[in-house]
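Labels for the chains are A, B, C and D, by order of writing; each one numbers its residues from 1.
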Amino acid sequence: MKFLSNVQTTHKVFAALVLAVLYALPIFITSPVMLQIFILIFLYAYLTSSWNFVGGFAGVLPLGHSAFVGLGAYTSTLLYLTYNISPWIGMIAGGIVAAAFGLLIGLPTLKLRGAYFALATIAFAEGLRVLVENVEKLGPFEVRGPKGLLINLVGNSFKDFQFLSKVPYYYIILTMLVLVLILTFFMMRSKVGYYLAAGGEEPEAAEALGIKVSKYKLIAMAISCFLTALGGTFYAQLVLYFYPKSIMGLDMSYEIAFIALIGGRSTIMGPVLGAFLLRPVGELTRIYLGDTLPGLHLIIFGLVLIIVMRYQPRGLVEPVSRWLNILFDRIEKRRRA
Amino acid sequence: MIGYIESVINGILMGSIYGLTAVGLTLIFGVMKVVNFAHGSILMVGMFAAYWFITLTGFNPYLALVVVVPLLYFFGYYMQKIIIKPIFEAEKHVREPITVIIVTTGIWYVLDNLALLVFGAEFRVAQTSVTGKMVEVAEMYFPLAKMIGAGITLLLGIYLYWFLKHSRMGKAVRATSLDREAATLMGIKQSRIYNIVFGMGCACCGVAACVLVPFYYVYPTVGVPFDIKAFVIVVLGGLGSVPGAILGGIIIGIIETVGAQFMAATWTEMLIYAFFLVVLFVKPSGLFGLRQDY
Amino acid sequence: MSLIAIENLCAGYGEIGVLFDVSMRVEAGEIVSIIGANGAGKSSLLKALSGLIPATSGTITFNDENITKLPADEIVERGLIHVPEGRRLFSLMTVFENLEMGAFSRRAQKDFKKNIQDVHELFPRLKEREKQLAGTLSGGEQQMVAIGRGMMSSPKVMMFDEPSLGLAPVLKKDIFAAVKRIAVEYGTTIVLVEQDVMNSLAISDRAYVMEQGQIVIEGTAQDLLKDPHIKEAYLGM
Amino acid sequence: MNLKKFIVPAMVLAMGTASFSAYAAEKVVKIGNILPLSGPSASVGIQGKQAREMAVDEINKAGGIKSLGGAKIKLLFADSKGDPTTGVTETERFISTEKVSMVTGAWNSSVTYPSTQVAERYGVPFVVPVSVRDTITERGFKNVFRIAAKDSWWTRDQFRFLADMQKEFGVKVKTVAFVYENGDWGTGFAEKWRELAKAAGYKVVLDEPYPSTASDLTPVVLKLKRSNPDVVFMTSNAADAILLTKTMNDLKVNVKAIVTSGGGHADPSYLAAVGKSAEYLFDIVEWETDLNRPGLKETNAKFKKLYGYNLTGEAVDAYASMYLLKDVLERAKSTNPKALQAALASTKLCGGKTGLLAYDCIQFDQTGQNKNASLVIVQVRSGKDGKMERITVWPKNVRRAGYKVVFPQPGK
């Protein structure tokens, strides 16, 4: 956050460079597995950045965001399977549905203090999951309860949001991520962001100043849910098969929140940083240790969580931006010299 | 008719045990304002301890209380002291330190998977003198183990009430939960209160574990379903309220048992969440909570 | 040696400094006022003294002992008692329980009987309201509980943070009178942070003026009452 | 954006892939195995892993794949955690990074279902030892081969068994109840049961799904008791199977028979956990230790010595699947997926180690389903030493010699 607020030339050049590298990456990496790992990192960075709108800037801790991932995935997929509506359109529809649910749940709960809000969101997400598991048919839609939805393979088709290669998925999610980061950047500079920042730390004080914090929190919640649901559609199209437990289970909600907290919430780069750390830790420990001792990889995952929180309670974005700033200063000096 | 009475009573019995599993959570939250996500894992640790005690000694299952409760007290005491405290210190000025939630989640992952590593993925059931024993009242059957469990819940509730209301330490705990900083100014050492409260919260899990083992199975992730249920119960009853937790548990137990007589069990699960959300909308502080606590 | 000696104290919340190079002293038996505008750092100074916020540099000496790094509970144990701003009662505990909490430290427990007598003598109302929840009391009564709670700790020094804040003028008078009585009757040293400059200077021996985290003026209460800057800035004359 | 957070994981990943490729120099055939090694179905996952390891150890010690110059089989395992996305990722990793010749797994139907889709896309054979959902082999895929029986065969045989029992004992069953976990598996079974019950003319008095993570199943059992069925059909995972069995026994639910569907009821810890509460229960399985099959005793003894418990249906299918892979590799004389696919399709593997299975030969139909896969029904009884035992009772021709089936079960 710091290193974006005083955007120097070096920073700009650096950001452009990183972006260029990321966009060029699929030229060098052809292994679908590597691409898949990157796609999942970007996806989680995207979901966490979306979460950040309410979890970071509105100063509350939602622990049920998988509900909105699920709403996005179910809406677009049901529209596609029932009416053959392109998932691209379904994606927007899913976002709207999720935003509506977000407002519905946010209206009474956003007034609550942290733990109540956190537990209320867990209950909402679990309740919604159980509900979907119990619904076989909803009007014309075959929800199929716990069996979940399978999107049939049709091969490469942009309209159907399906690609045989991983590369298009890579570009789509990378672009989604970049867009959400830009949106975050502008949000932080906007009136909403300003009021939220004021209200996030001292809600009573802000209310006293006449700022309707709850109104801005609701706006943030709606944006957050909308964006999260878009990620849900992407996820559905990537995996092509999902069921309530896999797409709206609590594991995913928790992971999104952890990524934000480990990376550094209420910052632009925190979610990205968190996703780049936690996701590979999760994947690599599972790949290398998953078959040796059952559960060892999750022990390591747990330890990483504890250690990072112990030594960097504000998230890793702080030390990283400090190092970067030192690095940039040196470059700047050398350039001037 | 008799069937419904039977389900109501069974609901109360199981519900009071749910309440028992939630007491520790609410106690810790009430004072530290921290939702302990490792709660279910601590219950699991207690259940394994009770299981091994009962299986290896063959004593009456409730004798395990004598061993498991102090064991979990010290387990919780030192867990707070060694792992949680340093993080808490760093976040001292935050009313609800969120990083602590993440740390307790880390502890949850570590404990559950350590159990998997050490004890394996087997389901274990202790064979005790009360296992499978039923009490028959007018053609209704009630499991003896659950009746004893409900009794123990009641006793623990009374003890905690006495402790918080009348003992010096209990009053210090209440003072801390009401105003951390003011309590510090009274010379109440916060970190020590937290150690004690965390220890007591875990000891309550130990009591719940000893109550569960005679009729339940033991498994590395056995705490998870109780975890979510305990979250719902404590919010329903009012975060930080011990009687609220027990009564909240009983309400959940009754909804679950009686509701299931009219609809599929999967829908009662839904019903519980719906009821929970309705309560949250209507009375956000929970059924027995105080306004200032949310 | 002074009872309290503060030398070059700097303190703050995290990276934000609020106290800069503060030096002051309090002699045994004195009433010392600290006056200043909102946000001048008066409350922070008391918090630093009672160990609620850590000192970043400088030293605090109490009774010839360096207490700069001591935790809050140890400071209470030594008899340096802070009666916080806004009273900060344990609202859901009874008046009596609040007083009991004041006597939590080991040292104060010995004197429990005597202290509670003193409190009841000073504020007879608190005996009548013994069983009432503190949160249900009126503002004036709450302030009495807060002061009584401080007295229960067997204080050598009592530090009051804005005890008269938000009270009606009549009640204000009572509170200042009570503070004075504590000093006179029990020989307790008093540090008084106040915005009601007139009333607090009236009962004080000496006073310090704080602005922006620093001590800008110090002197006897009489001198300060005459000081033109004080007159203009704090007394509105 | 900054470079560090991108480069570090990338380097770690790159080093990882580099170390993998070192294997290529040796003469090995890599087989990827996806199993739930952690999470709720970890116990079956671990059984499958151990059985595979024992089989491959035997194969390699016996000289490996002779037609490939004695190449050794190398097993790679991945933990799916029971999660489809992880299953898909791991299948993709096995195929594209590890360059495995074949993939096996993944026990959870919900993982197998999308993972086989990946294998099909890459044209790499995917052998499914156990995963019962019908549709896994009903999508016209060329590369998916299932050894185990599918859903509809399990439910079909449960009802055939019930009909046979009524005939044998002259008892009439009028009402049935269905109690099943509300996952994909349980609801799938329930759908088939409904049709079968209708066809057989039974009245369904209770059709009750329950969440398998439930912490108390007393409400379900109370309901079951009040519906008072002749026979109850159940589909449960391990934890809920234990709770249901104990609670049904405690609350003295009287039925003529309880027919369960393997899974939790076949888990090795189940019988130890519930003890006598499971007396007289009928469970359907693919395989049982008391089957009269050549070499079974020795293999079971070896397995028990290695891992401390008896072979299970899951373990035997996994064990047999390794011998199937050996046979396929021998015949294909290649590790080329196309050749392997062709060899798999023309499998007729009889006797030998695969003879442990309840039937004689593995043969696949056009859909990739093993057409010989069959099922048996066992009855749980307490033995002389008080230990619970599973005794094969159906079909009649495999019933343990001298055993007298208890049907209906005595009242409580």
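Worth a mention:
Everything that follows uses one rule, which is that a contact is a pair of C-beta atoms (placed from the backbone, for glycine too) under 8 Å apart; a residue touches a chain by one contact, two chains touch by 3 or more.
What you are looking at is a predicted structure, and each value in this text was computed from that prediction instead of being measured.
A count of C-beta contacts for the chain pairs A-B and B-D puts A-B on top. For this pair, chain A with chain B, the centres built from the Cα atoms lie 32 Å apart. Centroids built from CA atoms put chain D at 74 Å from chain C. Here the spacing of chain B and chain D, counted between their Cα centres, is 36 Å.
Separating the CA-averaged centres of chain A and chain C is a span of 49 Å.
Chain A has residues 130, 133-134, 294-295, 298 in contact with two or more other chains.
Of all residues in chain D, those touching 2 or more other chains are 38, 42, 46, 182, 211, listed in ascending order.
Contact of a single residue of chain B with at least two other chains is seen at positions 113, 116, 121, 264, 266, 269.
The full set of touching chain pairs reads A-B, A-D, B-C, B-D. Chain C meets chain B in the complex at residues 13-14, 50-52, 71-73, 76-77, 81-84, 88-93, 97, 100-102, 104-105, 108, 149, 153. Considering their complex, residues 29, 33, 35, 83, 86-87, 90-91, 95-96, 98-103, 105-110, 112-114, 116-117, 121, 220, 228, 231-232, 234-235, 239, 264, 266-267, 269-270, 273-274, 276-277, 280-281, 284, 293-294 of chain B touch chain A.
Looking at the complex, you find that chain D touches chain A at residues 1-6, 9, 12-13, 16-17, 37-38, 42, 46, 49, 76-79, 81, 83-86, 88-90, 92-93, 96-97, 110, 113-114, 117, 121, 182-184, 187-188, 211.
By the touch rule above, chain B contacts chain C in their complex via residues 93, 168, 171-172, 174-175, 178-179, 181-190, 290, 292. Listing the residues of chain B that touch chain D in their complex gives 3, 6-7, 10-11, 14, 18, 113, 116, 120-125, 127, 132, 134, 141, 143, 215-217, 219, 221-222, 224-226, 229, 253, 256-261, 264-266, 268-269.
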